[in-house]
Amino acid sequence: MQVKEYKPLIVAFCCNWCSYAGADLAGNNRLNYPAEVKIIRVPCSCRVNPMFILRAFQRGADGVILCGCHPGDCHYTSGNYFTRRRMAMLFSMLDFLGIERERTRVEWVSAAEGAKFAATMTEFAEQVAALGENKRLEDLRCKK
Amino acid sequence: MQRIGVFVCWCGSNIAGTVDVAAVADALKNEPGVVFSTDYQYMCSQAGQDLIVSSVKEYSLTGLVICSCSPRMHEVTFRKTAAAAGLNPYMVEIANIREQCSWVHKEMPIGTEKAIILGKAAVAKVNLNAPLTPGESPVTKRALVIGGGIAGIQTALDIADAGFPVDIVEKKPTIGGKMAQLDKTFPTLDCAACILTPKMVDVAQHENVRIFSYSEVTDVKGFIGNFDVTIKKNARYVNEDICTGCGDCVTKCPQKKVPNEFNLGMDNRSAIYIPFAQAVPKVATIDPAHCTMLKTGKCGVCSKVCKAKAIDYTQKDEYITEKYGAIVVATGFDPISMDKFDEFAYSQSPDVITSLEFERLTNAAGPTAGKLLRPSDGEHPQKIVFVQCVGSRCDSCSEKGKEYCSKICCMYTAKHAMLTRDKYPDTEVYVFYIDVRTPGKNFDEFYRRAVEEYGVHYIKGMVGKVTPEGKKLMVRASDLLDGKQLNIDADLVVLAAAIEPDKSARSLATMLTASMDTNDFFTEAHPKLRPVESPTAGVFLSGTCQGPKDIPETVSQAGAAAAKVIGLLAKDKLKGNPCVASSDELMCNGCSSCEKVCPYGAITYEDKEFRMPDRTTRIRRVASVNPAVCQGCGCCTVACPSGAMDLRGFMNEQIMAEVDAICK
Amino acid sequence: MQKITKEQLTEKAVSLLRDGTVTHVLGWSAGEFDYDITPAVFSDEASLRKSFVWNDFCGANFSKYLVSKTRGIEGKLLVFLKPCDTYSFNQLLTEHRFDREKVYAIGIPCEGMADIDKVKAICGDGISSVNCDGEKLLVQSIYEDAPISVSPSDVLAERCVNCKSKKHVAYDELMGEDGDVLDSARFDEVSRIEAMSPDERFLFWQNELSRCIRCNACRDACPACTCEVCVFNNPRSGVENKSPANNFEEQMFHIIRAFHVAGRCTDCGECSRVCPQNIPLHLLNRKFIKEMNECYGEYQAGETVGSKSPLTDYTLEDLEPGEVFDRGDINA
Amino acid sequence: MRKCSLNSLQSVFGKIASSALLYLPVDSADGRAVFSKWDDGTPLSNALNTVRSPKDFFFPQTEDLMRFKTEGKSIEVIDVREETEDFVVFGVRACDVKSFDILDRVFLAEPRDSYYASRRDHGVIVSLACTRPSETCFCSTFGIDAASPAGDVSCWKTESEMFWQANTEKGEALIKKIEELTEECSDEAVKEQQEKTARIMKKLPLAGLNTDAFGGGKTEELFDRPEWTELSEACLGCGTCTFVCPTCQCYDIKDFNTGNGVIRYRCWDSCMYSEFTKMAHGNNRLSQKERFRQRFMHKLVYYPENNDGLFSCVGCGRCLSKCPISMNIAKVMKKLGGE
Amino acid sequence: MNKKYLRDDIIRMSGVNPKKCMRCGKCSGTCPAYDEMEYHPHQFVSMVENGDIEPLLSSDSLYRCLTCFACAERCPRGVEPAKLIEAVRLTAIRRQGANRLTPSDIPAMLDEDIPQQALVSAFRKYTK
């Protein structure tokens, strides 16, 4: 019997101006990255509420990554600076609760960094795959 | 419940090559709300768009999901299509199955599976979409320029030439700014006054320009297109409309011992004064701190000699309020104070001067009528040492100076050195530099000429100490290339002081809710793509208030700012981005968390009366978002603990629905 | 024993009521067994003299009551504030949650409050009265003839053991002497948990949080939780529920609550005091405080009115989220 | 009446657990008693009572009722009930035993709550008499004798022995099961203990609390009493009292969309919550005072009115010790009953 | 001692970050002991940064620095060369037998004008 290969589910929140465009560029250049990565477009990384991240884990995501403009390049001048603080604090809290810190990440990807986007997603998917299924922040009701 | 139509695009083989488009269309048929689902070769083609329009009619669709290329590509297209079909354009969502799916995955089953999930997420979102209408606000067709230096003058002239009225507010008695104090300009060495004063006259005589000199902005309310600005006209005790600028009062004024700020205190003026011959407006101003009449009530000489009867000792500060559609900040710069740089003996010897003072010393209208003479004894200096980077490029924790490069010092020092050698070839000129920075048209050539043709001694190294000894200034410095310490007995030391934003800029920024960097330079909306706009909509930046600049750069930025203002004022109404934040007043706590993170100052608070669930009425402080100012980043929505603040088009519920659909 | 006596406070309240400075007094009302004290609003001298009480069990933080109790009253409300309450007081003012003009605040010194569970751990159940007037607590039990003498330091509430400040940061009038900001060991327990392995931490918190019955006492007592409508009561927020269905919801409730009060929490300790299940909820808030202090510079919410919390502020040089975990290496 | 020595208690537990799940109060790490599943050697707590009441066994805080699944445009309803296993709850105090009478009248009256009923059918309650009540106890106010608890089986624990007395058929069956490990005995030791406990009960601070002012038919008299304002003044509107209460039985039914279907479940609700019984028109009770009054009026007036004078409070004292602001039913009764 | 370790040690001891130096030479321009020195303050900064420390350790320049802190005071980048020189000097002195002053040197150096305190501090500075 063939064991089905475990594929982690990864939700990527991308800011409209830099990272989403970076993801598009990865596509334009036909740079492959795992299909488990699903992108949600937000105007700015600062739009991402910690509740969205917990929601993703609840619903079965194994990893959540936030991508925004590089510090200093935010379309809205300061959004990613707030993201940086908020997520630093949130991730630190998750770590404090014993939830694997490797499941969350913030990455700055500019519109020119298609290659970085693909590489980051590949690498993050591998990292999450190595951890296995998300067990510590899961909602059993949502499992099939 | 929505009636959603799903349209899956093949994009030729771009999508259909790795995504089974028919399977995607089929899978999405059963999603909640979907009543119609189909695929087509090129959705963005006219035929594709016609298909959408006819389907909307046929199936009474209320929302559209287009599975196609990136929304960055064709979102606008399909929104227009929706509008053509009679739908609200914001009832469209795009599932990006090309750039983020078919182009990055190679196998059909994988691509198809992912495309279905992306499609489901888009459907889930559209189910919660609401029609959005961009807000409209009228535009007051008048601009305000704060600051009357070359930046402000140029901006005002350009706007006025386009036919819009402009007001300039200048805090000094005359416009002209720093450029009026300069002698020559690099790298062409044309005379500053020769090129500036005609512009000053132009702007003063322009039918669309009003100049409020000796005035300040004290309050700014409103938002883009609709600013209400209060301007304080300081009492100058002279009726501007009557004064002819003849100067009789200035000559007769018995109080003549007032340090002349135009010449940086290197000579004196009278208590009633006209800053310089070409001042605009050319009217006299009484300095109330020094006028005997105003201080003691005894004197009145100026009033007696004024033939025009323009003197009015009873004049009071006057406040006027005016409406503007756009505001340009052109508040300029000042050299930093040299008080903290004891090692250069600036406060010990009058012969240690700043570069701006040097400009006045060499200016024909300056205190020495253009002759380069030492301030201490009026003798001609034989040996001059120029020191670069005084207070620029300092460590971030330094309390003395600035972290940034002041940009203009290398060039004006080369100019000073060259002019000195040109006029007084017997003078020895040393320039101590760390780096010589000459990135401008004809800049390096200019610097090389100073060295090669004019024999200026450029020494790589810094001056460590200046000690006055008798009539000399002992300059101790290092010559890093020769590896020696130099001791020069100079007659004059000129410090290239760093420049900093004008002190008034900080309070102005607060009034405008325009952001500033740590150095108090105004921040631009985007460092590369929107360099003349501030993040606050309707506020534009011109000149050195945004960062160190030379004159040509200032003038080009002034023109650019003017172009942006003209573009704004040319509109009758402003249509906003409807994807803006809005606060649910019933849930808002009025806690100000959102306001603190808003980069645009779009959030204000008001006290409103509410009927509460417990039947009482209560006055509550609630946030309100000005949709004309909000740019829709959504930062406030996360800062809001109660969840009262949400972002239209990217609502919490919508994003969570997408998350749910993806994680299903 | 508290340095200020109940009589002093009663007389002060009575005199302020009499001279019209205030029309209402927010104070403590005596209960059945000396330790079960209820906050109450007094508006006349007789009820004050009858029920007003001040002893080692007056732990409740009154600041939050100001949000509701200043509404709709004519005149001013007198409130007695212990040092830690004054921080909440300022924080609520920062957030415009009540009208400062409606309040007459008297700062009173606090020697720390007693925890009845700790008393019971020593004296057993069946306590009929506790006398707090002397150096020692005299605990009368129905099972003993003579009162049991307990040293206050042995029964000090956890939050008072690690008291951060005896200094009042806000008041109209101060009774007794003001104290100082203290060097507390309040982050030690957080550090202890941080030093555990992730698995140990997970087990630790699973054990703690699994007891949560979502009674919302922590939220409803918290002076930072004054939302008109809490996200956990709002069906549109996506997280609303009335009981935690499973451990995910237990974790989520506390993570979100801690995040919402991060930068606003003054570390008053009410959340842990009121938890019927003794979950050390204050540790979550302290974790945030500790992190923010270490990453963004010392910040004490409520120290001054109008200050910007670390999460509504930023610097260009902030740590990257990934770097937060590497701090130890940088410092080493 | 039968007895066993405390030394052999674990083997008795083992016997009981061999045919049913056994739950009993156990000391947790933080020193409080919690009902936990018995495993070999799990010691019985000496604490007076648990923080959470035993009602959880019959009426858990959350409970899935059914599931829905959509396939295409069709919807399928799935019954998620599983057959309840037999279980025994040991160590239920007299007050908590009484709470089941109160819950039964709600859940077992028509329409019968089959979820609750199934658990009641499969559960055996073994009570344990109190010997050292707390100052917060006032079960006697409601006619409950802490020393003579009801239940399927009643137990008394002395210094060295445990006495067992079956009260119902289910109880008889249980006693039968442990027959070999227990011996027939007289009730002398139990009587002695009961007398001693009765003397202590009289000394309790709340011994004088009575229900004279309450009961069915008192609605008009009590509803508009001005004291409600003062009593509810400090109430935070949290659900602590409700959730630790052995008799509170309100719940809400909610749907949870898992992404793969919908779970319909019920969970405890509290009449102290501002969102309690919120409907399309809004809330029924708009102020905390009204919500506060509802809780106590229900316990002391409405419930007895509909249930033959039975009050829906058992005087267990949990709310007295857990309320964050120390407002509770005893204070309410004293205030409204004229102290 | 390995070169990298030595460099890092000196940087740690001094608390100076030589990377902040922008090579302006103001330290050397201001140094009153410049002419006495083989290596000048700005050279100390760049040589330490480059790990070129042995020449400094064996140079007399170490003992020519007056520790007047003029360089530290005037450095626009807050590099504080004096502290770096002090750290190098300390390193030299900590090496076994590298004491610069021994009690027997003192009598020859005595001068009526030198305050006692100067001797004590020189002794502290130049010995282990």
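Each chain carries a letter (A, B, C, D and E) given by its place in the written order, and its residues are counted from 1.
By our rule, a contact is a pair of C-beta atoms (placed from the backbone, for glycine too) under 8 Å apart; a residue touches a chain by one contact, two chains touch by 3 or more.
Computed from a predicted structure; not experimentally measured.
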Taking a step as a move to a touching chain, how many steps at least join chain B to chain E? 1
Neighbours of chain D that also touch chain C are A, B
Longest centre-to-centre distance from chain C, chain (CA-based): E
Taking each chain's centre as the mean of its Cα atoms, which chain lies farthest from chain B? D
Roughly how far is chain C from chain E, centre to centre by C-alpha average, rounded to an integer in Å? 55
Taking each chain's centre as the mean position of its Cα atoms, how many Å separate chain B from chain C? 46
With chain centres defined as C-alpha means, what is the inter-centre distance between chain B and chain D in Å? 69
I'd like to verify one number: the distance from the centre of chain D to the centre of chain E, where each centre is the average of its C-alpha atoms, in whole angstrom. 80
What are the residues of chain E that contact at least two other chains? none
Could you list the positions in chain A whose residues touch two or more of the other chains? 50-51, 55, 59-60, 72, 78, 82, 86, 139, 141-142
Could you say which residues in chain D touch two or more other chains, in rising order? 256, 259-260, 274
Which of the chains are touching one another, listed as pairs? A-B, A-C, A-D, B-C, B-D, B-E, C-D
Residue set of chain A touching chain D in the complex reads 59-60, 139, 141-142, 144
What residues on chain B touch chain C, complex-wise? 518, 586-593, 596-597, 605, 616, 618, 620-621, 639, 641-644, 652-653, 656
Hey, which residues of chain A end up touching chain C in the complex? 50-51, 54-55, 57-58, 71-72, 78, 81-82, 84-101, 104-106, 136-141
Residue set of chain C touching chain D in the complex reads 31-33, 35-41, 60, 65, 116, 121, 124-128, 142-143, 207, 213-217, 219-221, 233, 241-246, 270, 273-274, 276-278
Touching chain D in the complex: which residues of chain B? 30, 32, 613-615, 660-661, 663-664
